[in-house]
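You will see two complexes here that share chain A, one where it goes with chain B and one where it goes with chain C.
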Partner chain A sequence: MISHLRTMWLVFRHLFQKKVTVQYPEEKVPLYPRWRGRIVLTKDPDGGERCVGCYLCAAACPVDCIALQATENEEGRRYPEFFRINFSRCIFCGYCEEACPTYAIQLIPDFEMAEYKRQDLVYEKEDLLINSEGKYPGYNFYNVAGLDAGVKEKGKGKDEETPVDIKSLLP
Partner chain B sequence: MTVMQHIWIVLGVLFVFLNIAAGLIWVERRLLALWQDRLGPNRAGPLGLFIVLADTLKLFFKEDWIPPFADKWVFILAPAIVVASVLMGIAIIPFAPGIVVADLNVGLMFFLAMSSLGVYSIVLGGWASNNKYSLLGALRGASQMIAYEVFMGLSLMGVVMLSKSFNLTNIVAAQQHLWFVVTQPVGFVVFFIAGLAETHRLPFDIPEAESELIAGFHSEYSGMKFGMFFIGEYLGISLISAMTVTLFFGGWLGPAFLPPVVWFFLKTFFFIGVFILMRASLPRPRYDQLMAYGWKLLLPLVLLNLLVTGAIALWLKS
Partner chain C sequence: MPTIYIDNKPFDVKAGKNLLEACLSLGIDLPYFCWHPAMGSVGACRQCAIKVYKDEEDTRGRLVMSCMEGVKDGMRISVNDETAKAFRSQVVAWLMTNHPHDCPVCDEGGCCHLQDMTVMSGHNYRNYHFKKRTYPNQYLGPLINHEMNRCIQCYRCVRFYHDYAGGKDLNVFAAHNHVYFGREKDGVLESPFSGNLVEVCPTGVFTDKTLKEHYTRKWDLTNAPSVCQHCSLGCNTIAGERYGQLRNVVNRYNHEVNGYFLCDKGRFGYEFVNSENRITQPLIRNQPIEAAGHTTVLQHIRTLLTGHALIGIGSPRASLESNYALMELVGKENFYQGVPDDLVYVEQKIVDILQSGCIHTPSLKEIEQADAVLVLGEDIWNTAPVMALAVRQSVMKTAATHTTEQLPIPTWHDAAIKELVQEDKGFLANVTMLPSPLDEIASATMKSAPDDMARLGFAIAHILNPSLPEVRNAGEELLASAATISKALQAAKHPVIIAGTSCWNNALIRAAFDIAAALDMHEKKAGLAFVMQDCNSMGLAMTRASSFDRAVAHIQRATNSVTAIILENDLYRCIPAAKADAFFSKCKHIVVLDTLHNRTTEKAHVLLPAATFAEADGTFVNNEARAQRASQVFMPANSEIRESFKWLSDLKVLINTTSNGHEKYIEDLLIALENRFPQFAGVSRVAPPHDFRIHGARIPRESHRYSGRTAMLANLNVSEPKPLQDDDSSLSYTMEGYRGLPPSPLIPFFWAPGWNSGQSVTKYQEEAGGALKGGDPGIRLFEQTTTPPVFSKDIPDAFTARAGKWMLLPQYHLFGSGELSVYTKGIASQCPEPYVSLSRRDAEQAQLKNGDTVSVKTDGKTYAFPLTINESLPDGIMLVPAGLTGMEALSWGAWVNLSTVIV
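This part shows the complex of A and B:
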């Protein structure tokens, strides 16, 4: 009997405690920088697309929601001709971000992407591309790659040796 | 009192109690939420009060399905019984001097009779549903209510002894100097527990028991028929709270700065709050624990209380 009354008193005291409810549309849920939400395609510091169309994200995707077609410009730089993510399938696992060798595809803390039509959940490349470097500012894949794609010449990169002249026998 | 006045009182009481029962939808959800560190329904209308309206509309527009295997007429009748019997019980409560629907000289007996009739709605509802879980719920409800009915009546006999009347107006008047909760504490505790069991509210919601019986006797009910059970339960809470106030807490009596009706409803709402607090805090006992608790602890206790009260009353008289 006493324990019952004590229980009731303890529950009653909760009336004056801080409530845990987050009143969502007015109050926002705290989202942390590594929160896995909407998927974006980032750009490098020079404003070029980071994506090189390697298909690794599409291969890593467990629900096959990423579709892309790689192509090349006249300088030899690869980029996706189209890049399509079907967010009605996406499970926000972040495997695409892990697979990406150029930090192009990234998941950002944003979940407010509800739509009235299912078709509107299919994001094309222009919907995915953002004018930002995302989580890795200053990174440009072609600066550290041994490839001349208009960003730097071969052998001119930081910590990069000039290419060996394979036609010469000199040391 | 003229006939017109009487009709106004009847309509007023009906209006107030049906509105309290509806309003309790909001009160209960809000209070439960606050006690669980949540906020509860606060979107529709000021403070979320319009949830009452929304819920009622929802119940009205839901499909009113009668299962093909059910006993149709009994199935339809059962939800009406609970509301009717509880409303009949409310008729004998005096809200203020002169404001009472039926000032019966056997008011208390009438109340006990009406709350016993309420068991029919559970039994018939469970039986007519033709569903084994509903029947189990009905079975439990019947035995629980019959068991607790016994000492609910006995716990009130102490009050009757002290006030020498079954009339509720006289019982309130007899508390002019001292509330019966002081002289009859055991009677009050037992009556309140029995009242909980009568309204089959948590922690004594054994006929319903969502987790084991899938809502028990009203599994098969939908739409407004379910709504009637719902309203009946809230009316039952209001009735038991009002009866507790009338019998043990001096009814409309209180300091003169507030009118008697306000005192009555303030006290009633306090007990409604206690009902909801019990729901928020106490777990449901097992079925055999409930029966053992009733027959082996509360019944002897209430008989002892009766004996002691009678002895003291006799001793004071001589």
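This part shows the complex of A and C:
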């Protein structure tokens, strides 16, 4: 009996407390910058695609929902010929973002992706690519990678010496 | 067997090995870079350091490089010693100071020995905060990509390319910490073994440019054990597929056959599988809509098969199963080889010799271990490149063995042996028509016409066995050569004689046999190796079916109308066009099964799309009569493309309903073949049967980290399809299955925990560099018995040039003479243009100079080619490259005139 009265008292007291229910969708939920939502592909500061088609996101994906094919332009810069994420399989674990060596693939604070047809949850590169550097402004993988892919010449990158003169025997 | 103590545990190891080999053979992970099982130790990279203790009392020990220290009984070593571990980690940290940050765009990533060794050594964080050295790259041709920044200076590339394969144009340049591995200037790598740099390089300096076109990581490939289709040696390969395309071919270790290396034709010549020229749809010609479905085409063929006489033309590049299925369909007496009479005659002689059991046929491994080699008339550099590589090793190793017998130096000590051996070489006599890169390591060379080479052979045989007939009218030069060669062969313990079909000369085969048999009588273990033309020439020749010329004769006699069924064979490539046309004009109906459109498929009334080696299971018999299985790598998305033997079995059901349900599986076909032809006994045991399982599990073609399963086909349908079901073999098209060691014929790829690169093969070997666990794949169909040899008495007359006539002979080119390999762009760009070659004297007599267009009249046709004067070609011979794309087959061995000269 005492227990019942106590419960009723507690419920009554809650009437005067602040409501936790958010009136979604009229009212948006606060999402933090590192919230793991919709996956995007970002771009370099120079506007080129950041993704170099290394397949690490696909390998890291525990549900195998990422498929891509790498290709190269004339200058030797790698990019994905196609990049497909099957969001009907995605579990938003963020392993792909963790695996990405070029900060290309990022999870953003957006979860409003519901569709009536499951097929519409298959996102191609055009659907994933955004015109932004995302969370890591200023980073360009080809500036720190050794090879010349049209972004910088050999030896011009960060922490690189000028190329060796192979005809020289000087110490 | 010595016992060594590794971290205080006793292990029995093989004497004469170094500690690194011993540790790896025991399954202990020890990092290394410069050591290679085929090339020995040089102690350059300092990565394989371990501790060696003086005795049980010794607690301090000393650091040694395990690859430079031999095994001694009672030795105490430590792999896990803290100092040794710290040393290895520091060495890899040094190697990494200049290694660029580009694994994501490096094709080696995921199968990189440097990645594996870095992780194994425990070097995780970079402590070096200064700038990285960079290098310019070079253009090395259409097949190999160069990215020199990634180099860790292990010297493996030069040791392979220069020392092992004898290439001249790749070397090490500059000095101190600037050493550079490349060519003197940009240019195509000349060696036909350059592709091995991709696998030899522990990092991504040299990568496969054909793979770059459609790059896929190793873990994403669907792999299957395969057999190379481009020559008769049957090198074992692993072919990998992704998104319905064949993506790359890498070496599959087979201790007895190819070992660690492939030639460039085998490695890069796979792109025909992805060609746009593939036949993708059954066609019924001469009707408004030619494309037909499966049932329609079978119904149409039923009308062609009933009430007509059948002729089947087999193929030296189709599998045994397909050839046998055709034979079963048309009847043994109506089955012909699809190879000209002259070649069948030569090949028949080879099969007779092998089947007689008089003589041992060495494997490539045994050729490597030979101490004297005589190449009689075969241009093995072009027709069997990996055999040329084996011959090179025999020449280099004989001298090394000689040294190690004199001095207590172990055989693995490559650097020390090279110092001692210097220019010393074993014996090689290279008797060919034209100079070959092998000549520079040969002790004796002779350039002459095929008949003269055969005469040299008979002269040698006569010296070795005086009861054999003497060569009449032999010149002094010939006798002198015969004397030197026979002396060297007699002095050897394991001499090997190599001959082949590329001269289309029967006497050469007989001469080679006589020499080998005469040597065998001297109680030597002599070997006789033959080179054939195509990947299954031996298998087809072993059926002893008649030649194409007999098929032409048959069809001309035939009273009924004839339906010809042609299996995967472009007849215009090996049969003179006039003869092929004559055959086709007599056929009422022509059914062709093939993979690519060609001149023969144009003649077809009904064309059936056949699967390539990558899309079919098949058994191929190599030059030493070793039957080997190539497994299906992927099922073509287009279900109209089917294995030839499946098409043919369906056709058989059409005319003979009782056969329904029989010979459903490959092993059923092979057992039927064995029953029909006892010479094939054993062929059904080449690979485990289709229902073979390990603990109920199949062997997965895909790695455990295969990616994209739920997205690859999501653009077509978001619901994933059922995994493909392989009813023909025990390999599966999934990631699930048995992850332990599969039986050696079914190894789909080499991988072991911590060993992602091809170097993981050590885990599959009995000992480092030894046979695969459970025995190497493949079954040799003929073994030596005690049958006494039958020597030949018929010695050809010396070759004499005729006035105004030339003997027409083929010149084979590694890049160009292959029907299928030229579909790879990088290979096609290195093919020669058609030409005709004459000796300088002949050209001068005909008043011709280099580049003149000459017309050659043969087989009732006139062909015009530009002239190349060949300084070392014997007079009276005209050479024309064989099998170039767009060139017709000529009557090799015929005498032709230069009818007109167009200036």
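Keep this in mind: the second predicted complex is superposed on the first by the 159 of 171 C-alpha atoms of A that agree within 3 Å, B and C clash if a C-alpha of one lies under 4 Å from a C-alpha of the other, contacts with A are read in each partner's own complex, and residues count from 1 in each chain.
Definition applied: a contact is a pair of C-beta atoms (placed from the backbone, for glycine too) under 8 Å apart; a residue touches a chain by one contact, two chains touch by 3 or more.
What you see is a predicted model; the values in this text were computed from it and never measured.
Of the two partner chains placed by superposition, only chain C is touched by A:R78; chain B is not. Put simply, more of the residues of chain A are touched by C, taking chain B and chain C as the two choices.
Residue contacts after overlaying the shared chain place A:K18 against chain B, while chain C stays out of touching range.
By the touch criterion defined above, A:T102 reaches chain C but does not reach chain B.
Of the two partner chains, chain C is the only one that A:C65 touches; chain B does not reach it. Look at A:S3: by the touch rule set out above, it reaches neither chain B nor chain C. Once the two complexes are laid over each other on the shared chain, residue contacts for A:N131 go to neither chain B nor chain C.
Overlaid on A, the two complexes show chain B and chain C touching no common residue of chain A.
Interface residues of chain A facing chain B in the complex, by the touch rule stated above, are 4, 7-8, 10-12, 14-15, 17-21, 23. If you check the complex, the residues on chain B that touch chain A are 34-39, 277-278, 280-282. Contacts from chain C toward chain A in the complex involve residues 100-105, 109-110, 130-137, 147, 149-150, 173-176, 178, 180, 182, 212, 214-217, 219-220, 243, 705-712, 714-715, 717-719.
Across the complex, chain A meets chain C through its residues 52-56, 58-59, 61, 63-72, 78, 84-86, 88-89, 101-102, 118-119, 121-122, 124, 141, 144-147, 149, 154-155, 159-169, 171.
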